[in-house]
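Chain naming follows the written order as A, B, C and D, and within any one chain the residues start at number 1.
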Amino acid sequence: MSKAVLELQNLHKSFGALQATRDLSFCVNAGEIHALIGPNGAGKTTLIQQIYGALKPDTGTVLLNGRDITGLSVADRVQAGIGRSFQISNVLMDFTVLENAIIAEQARLRQSFRFLHPAFDDPDLQTGAHKILNRVGLDDRAAARASDLAHGERRMLELALALATRPDLLLLDEPMAGAGQQESQRMSQIINDLRGTVAILLIEHDMDAVFRLADRITVLVEGAVIANGTADQISHDAAVRAAYLGSE
Amino acid sequence: MTSTIILEQTFNGLQAGVTLFLVAAGLTLILGIMDFVFLAHGAQVMIGAYFAAAITAASGNFYLGILLAIPLTFASGYVLEFLVIRHLYRRDHMEQVLATFGLILFFNELIRIGFGPAALYSDLPPSLSGFVEILPDTPYPAYRLGVIGVGLACALAIHLFVSRTRIGAMVRAGANNPEMTAALGVNIRILFRLIFAAGACFAGVAGMLLGPLTAVQPGMGEPLLILSLVVIIIGGIGSVRGAFIAAIIVGLADTLGRVFLPGLLRLVFDQATADGAGPALASMLVYILMAVVLIFRPTGLFPAKG
Amino acid sequence: MGGLSSVIKLACDGMRDNRLLWALIAGFALFPIYTHFADLPFWNDVAMRIMLLGMAAMGLNLVLGYGGMVSFGHAAFVGIGAYCVAISQVYGISNGWLHLAFAIVACGVAGLVIGYLALRTSGIYFIMITLAFAQMLFFLFVSLEAYGGDDGMSIDRAEFGIIDLYAPLRLYFLIWACLAIVAMVLMFIVRSRFGVTLRAVKSNASRVEAMGLSPLRFKITGYVISAVICGIAGGLFASWQEYVSPDIMHWTRSGELMIIIILGGLGTLAGPLLGAIAFLLLEEFLPVLLGSLAPAYAENWMILFGPLLIMVVLFGRGGLSGMIGRWYAARNAAGKGADRR
Amino acid sequence: MLEINWGVKMKKIMVAAVVLAAIGVGVYLLINEQKKEVVRVGYMTTLSGGAGIIGKQMQNAVQLALEHKGGRLGGMEAEVIFVDDQRKPDVATQLANRLVKSDRVDVVAGIIWSNVLMAVIKPITRSDTLLIGSNAGPSPIAGEQCHENFFSMSWQNDQTPEAMGKHMQDAGVKSVYLMAPNYQAGKDMLSGFKRYFKGEIAGEVYTKLGQSDFQAELSSLRAAAPETTMVFQPGGMGINFVKQWKQSGLDQVSKLYQVFSVDAVSLPALKDAALGILGTQSWSPDLDNDINRKFVADYKTKHGNYPSFYAAQAYDTILAIDHAIATSGSKDTDQMRAVLAKGNIPTTRGLLKMNSNHFPVQNFYLRDTVKDADGVVTTKVLSTVFADHADSYAANCKF
C-alpha cells in the first residue's frame, strides 16, 4: 500500500442548516487517479474547495504528505503541492499560451518578485514553458492568445498551468465538462498518462471516463462517503447502485 | 447644548439626509444594476434646480415650476441615456469615469452659456416661508419640514415600487445578478433606460427642493455627488434600503459633527487646537466614516449582490 | 542574470520595443533648442508641466493600466510629495535631494497604508475608498493653518548641490532627467517578472493564486511604487511652481490624471506622456480655437472639451498610443505595433 | 465590419482635430505677433468655472476703462491680453510665464484669488515686470514676502473686516458671533476683525469651504442668540448664507453684519433678502466723485446691472497703469514703479495713496443694502469708518 498524499480527517462543513460535508474522511495515494463521484449537490465542489483552501472546514483536518495544511491559504497550499483545474476553464485570457506558461514557470521558480529580470524574453523561462506546454501537446499553439483558443485547447492549457507548479496532488474539477468527443478522449488520454507521476483527485460526470481512468473511486452522497473502492467494487456496490447509479 | 438644540440639529441632519437619499437612490441602482460609474449625476441635480427655478421665475408659481420640472428632468435623463450612456455600459469603470467626467464639464458649461454664469434668483414659496413649532418655542422652517416630508414620501414610494411591483422585482433581480436578469429575457435595455431616467428625475427633485434654499448656479451638484457616492458605498451598491439608511447616517453625522465636534474637542484640547482641528475633522468625518465601513465591511452595510 | 552589461542589453531591448516612448523623451531633450531659435521660451514651461503631469500619470498608470486598480485618489500622493518639499523648507531644509528622499519615504508609507486598507475592497468600492482617502488629505491640508491652509505656501526652488535651479533650463533638465529615470524604471518593472505577474493578476487573480502566488502582495507593491512615482512628480512640481497648495490634491486633479492616461493609452508606457501632451495642448488651444470661431464664448471652451473626452472613450480605442500603434502596424505589414507593453 | 467603420470615422475625427489644432497654432502665433511702441497688459482672471461671473465683471470693467481712455494708456497704443486662470494655481503659473516670456507684456494685472496670486507673484516679479493686483491681498504679500514690483489696487485682506470691527466697536456692540469658511482667508478675516473689536466673542464658527447649507450652524446660532453676528462668506456661499439667514427668521434673534458676502455679484440672486444688511468696503457704487459716477453710469448702461467692487478695482487697475505711463512718459518698469509708489492715483475711490508695501492707504465705508430709484437692490454708503486706513503688515515689508 503506497503512502497517502492527501488525507482528509473528519471534515465537516455546513452552510446554515445545509450540511455540505459530513464527518468526511478518505485519502488519496501517491500516483493514483482517485475519482470523486456523486449525484449533483452531493457536495463534491464544496469538498474540493476545502482541500484547495478556498473554503475552511468547520471541523476536521486536511493533511498533505502528512503535513496539516488546514490553516493555510490557497497560495500556500499550492506551494505546498496542490495543483488545480477549475470547472469553468480559468486561464490568463489576455496573454498568449506561451506567456501563460512562462508566468506559471516563474511562479514555480519563486521568481515572480524580481523587478529587473525580464520575463517573456528570458530563454530559460521559455524552455521551461515549452516543456510545460509539450506535456499537454499545446506547444504548436504557443503563439496564440488564450482568448483565441478553442474550448478544448483552453482546458488543456489550464491543465498545463495546474501541472506547471509540479504538484503532488492535482485537483481536476470536471475536466471534460462541455468538451467534444475527441477533446474528452485526448483529455482522458493525458490524464491516463499522468498516472503514477502525480496523485489526481478527479471529479467527473462522464461515468465511462471515470470507470476507465480511476484506480479508486469515492462515492459522495449528501456530503458523506457511502462507498470507497476500485471501479469494480463500486460498480457492484449495492448502496451505490441504490443511491446513485439507480438515479442516473 | 440643550436637548431642544440637539433635536433641532437632528431635524437638520434628517433634512440633509433625505436630500442626499434622493440623489443616491437613483445612483445606487445605476451603479448596482448597470455597474456604471456615473459621475455626472450631480449635473442632474443642477438641471432639475434650473428647470424649476426658471419656470418658477417665468410663471411666478413655485409649485407649477416643480410640477413641470419633474417630467422635464425625467425626459432629459431618458434622452441622455439614449444618446450617450447606453454606449458606455460595456466599457470598464475607468472609461466610464472619464466619459461622465466629460459630461459634467459639458453640462456645467451648457448651463453657464444658457443661463449666464451668475446664480439664479430663487426663493421660498410664500406659503411655506413660515415656521412650525417642533417643540414649544423652537420654531423650525416650514419649508425644510416640507423637504423632509417629500424626501420620506419619495423614499417610501421607491421602497414600495422596488419591493411590490413587477418591474421592481426585475430591478431587485438586476441588482442581485445582472446576467441572470438578462437571461430571464427581461428587456434590459428598456429597464436600464427607465431606471436611469427615474434616477435622474429623483436627483432633479433634490435639486428643485434645494433651489430655494441654496444658490442655483453651475456646478451646484458636485458636492452632493461626492457625498451621495459616499452614501451609496456605505449603504452597499445597488441597495436602495442601504442608500436610505446610509443617507440618514451621513446626513446626521455631517450635521451633528460640524456643529458639536469643535465643542467636544474643546473639552479635550485647548481652544486654539480645537478650533483648528474641529472643522477639519468635521469636514473629513464622512470620508473617515466611509473608509472605516469599507475596511470592516468591504461591500458596504447592506450589499445587494447575492 | 547579473552584471551591468546584461542590464544595459535589457535596457536596449526595452528601448527598441518602446521606440515611441523614448522618441518622446528624446524630443523633450531637444525641445529647448527649438524654443530657443523659435524664440518661444514660454513653451519650456509648458513642456515642464507636461513632463511633470506625464510623470505622475505614468505612476498612476502602473496601478490603473497594468494592475487594473482604478485608484481615484492619486492626486493625494502628488500633493504629499509637493508638501514634503514645502514643509521641509519651512523647517530650513533646502536640499533638493533630501526633499525627494522625504517625498519618496512619505509617499511610500502613505501608499502602503492606503493601499493595504483600500485593497480589501475591489471594483467601484475601491474607486470610492481611494477617493475618500484623497478627500481626507485634501481637507486636512486645507485646514493646516501652519502650512498656509487653502492659500498655500510660496516656496523657493530646492537646492541640488551645484545645480542652481534658477539658472535657465536647469530645472527643465532636472525634470527631464527624473522623467527619463522614471520611464526607464517603469519600463524595467513592466517587463520584469513582477510586472508580468502584476498584469496576470489584473487579467485573472484566481489563476495567479492557483499558481501559488498571493495577488494582494503584487497589488500592494504596485500601488506603493506608483504612489512613490507620483510623490517624486509632486516634489518637482512644487519646485517648478515655487508654490504649493491643497489645490493639487483636489479630486478633480485625480480625474485629470485619469483623463491623461486614457487619452494617451491605458497600460502603455508612452500613453501617459502622450496624454499629457494632448491634454495640455488642448487646454492651451481650445480657448484660442473657440475664441477664433465664436469670440464671445472663448471662456466656455469646456463645452468642446467635455464631448471630446466622451469621443475619446467611444471611438479612441487604446487612446493616442493605440491609434499610433494601429497606424504603425498598418504601415509595415510586419505587424509589430510600435508601442505594445 | 463595424470596427472598420469606427476606424474610418476615427481617422476623419483625427484629421479634423489636427487641422483645427493647426488653425489654433496659427491664431496663437498671430496673437503673439510683436508690435511697435505698444503697451501690452496681461490681465489674468477667472473666466471659466464657477467663479466665471466675477471674472466676467472684471473683464467688462477693464474693457470699459480702455474705452474711456480711447484705447490708449498714458497716450500709448494699448493692448490687453485676457487670460483665464481657471482658478487653478498651476494653470495660472503657466499663464504668467506665457505673459512675461512669450507675450512679453509690460504689466501683468488682475487676479482674484489669494492662492493664485501666491502662485504667480514670484515668476512675474522676478522677470522685472510689474504685477498689479485687482483683488486678492493675502498677508504674506503685504508683509515678509512683499516685492517692489507688486502693487495692490484693492486692499489687504484684513482691512475690510478691521473696518467692520471698528464700526461695531464704536457702535457699542457688546458681543458678536463670528462665522467664516475654514480656510486661510476666512481666518485672516476674523483675526482682522478681532484686531479692532474688543467686545465679547460669543462664538467663532468655521464652516466647510464651499458649504451650501448653513441650517445646522444657524440653528446653533439661534440657540446661542448672540447680540450681533458677523460673517465672511464670499461668492456663492454668501448667497446661500444670507438666503438661509432670512428664511430662518434670524433677524429677530441677532443683527447681521457681513464682509464680502453681499455685493453686486450676489445681489441679483438675493434681491430683497439682502435689504438692510450692513457691510464694510473701500468702494461703493454711490461714492461721490467724477470717475466713479462715470464708471458706474456707463457700466450700468452697457451691462444693465450694477458693477461689483471687483469691477471697480479692475477699472482702477487700468487707470493706475494709465496714470503710471502718462506721468513717467514711459512703459519702463522702474519709472512706472516710481510713479505708482508715490501714490495719488486717480481712481473710482478718489486719489489713492500708496503705502510703503505698495498696498493702498484708503477710506473704508459702512455700506447699507438698499433699493435705488428704479427699485434695484444695491449698496449705499452710510458713513466713513476709517479715513486713510493703512494695513498692519507694511512694517514687516522690506524690498
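The rule is simple: a residue touches a chain if its C-beta (ideal position, glycine included) is under 8 Å from a C-beta of that chain, and two chains touch if they have at least 3 such contacts.
Worth saying up front: this structure is predicted, and the values here are computed from it rather than measured.
Moving only to chains each one touches, count the minimum steps from subunit C until you reach subunit D.
The least step count works out to 1.
Which chain is in the middle, if each chain's centre is the mean of its C-alpha atoms?
If we average C-alpha coordinates per chain, C lands closest to the whole-structure average.
Farthest from subunit D in C-alpha centre terms, which chain would that be?
Relative to subunit D, the chain with the farthest C-alpha centre is A.
So how far apart, in whole Å, are subunit B and subunit D when each is placed at the average of its C-alpha atoms?
Measuring from centre to centre gives 33 Å for this pair.
Rounded to a whole Å, what is the gap between the Cα centroids of subunit A and subunit B?
49
Just the number, please: Cα centre separation of subunit A and subunit C in whole Å.
43
If I count partner chains per residue in subunit B, which residues reach a count of at least 2?
109, 112, 279-280, 283
Please output the residue numbers of subunit C that touch at least 2 other chains, ranges allowed.
Counting only residues that touch two or more other chains, subunit C contributes 142-143, 145, 300, 302.
By the touch rule stated above, which residues of subunit D touch at least two different other chains?
Residues 48, 52, 56, 182, 209 of subunit D each touch two or more of the other chains.
Based on the touch definition given at the start, go ahead and assign the chain network to line, ring, star, complete or other.
other
All pairs of touching chains, please: list them by chain label.
After working through each pair, the chains in contact turn out to be A-C, B-C, B-D, C-D.
What part of subunit B is in contact with subunit C in the complex they form?
It is residues 31, 35, 37, 84, 87-88, 91, 93-99, 101-110, 112-113, 226, 229-230, 232-233, 237, 276-277, 279-280, 283-284, 287-288, 290-291, 294-295, 298-300 of subunit B that touch subunit C.
Which stretch or stretches of subunit C touch subunit A in the complex?
Against subunit A, the touching part of subunit C is residues 1, 7, 10, 13, 188-189, 191-197, 199-200, 202-204, 206-214, 217-218, 221.
Can you list the residues on subunit B that touch subunit D in the complex?
Going through subunit B, the ones touching subunit D are 2, 4-5, 8-9, 12-13, 15-16, 109, 112, 116-124, 129, 131, 139, 141, 143-144, 210, 212-220, 223, 255-256, 258-259, 262, 275, 278-280, 282-283.
Which residues, counting only subunit C, touch subunit D once they are in their complex?
So the residues of subunit C touching subunit D come out as 40-43, 45-46, 49, 142-143, 145, 148-154, 237, 240-243, 245, 247-248, 281, 283-289, 291-292, 298-302, 311, 315-317, 323, 326.
Looking at the complex, which residues from subunit C come into contact with subunit B?
Spelled out, the residues of subunit C in touch with subunit B are 64, 70, 72, 117-118, 120-125, 127-129, 131-133, 135-136, 139-140, 142-145, 251, 255, 258-259, 261-262, 266, 297, 300, 302-303, 305-310, 312-314.
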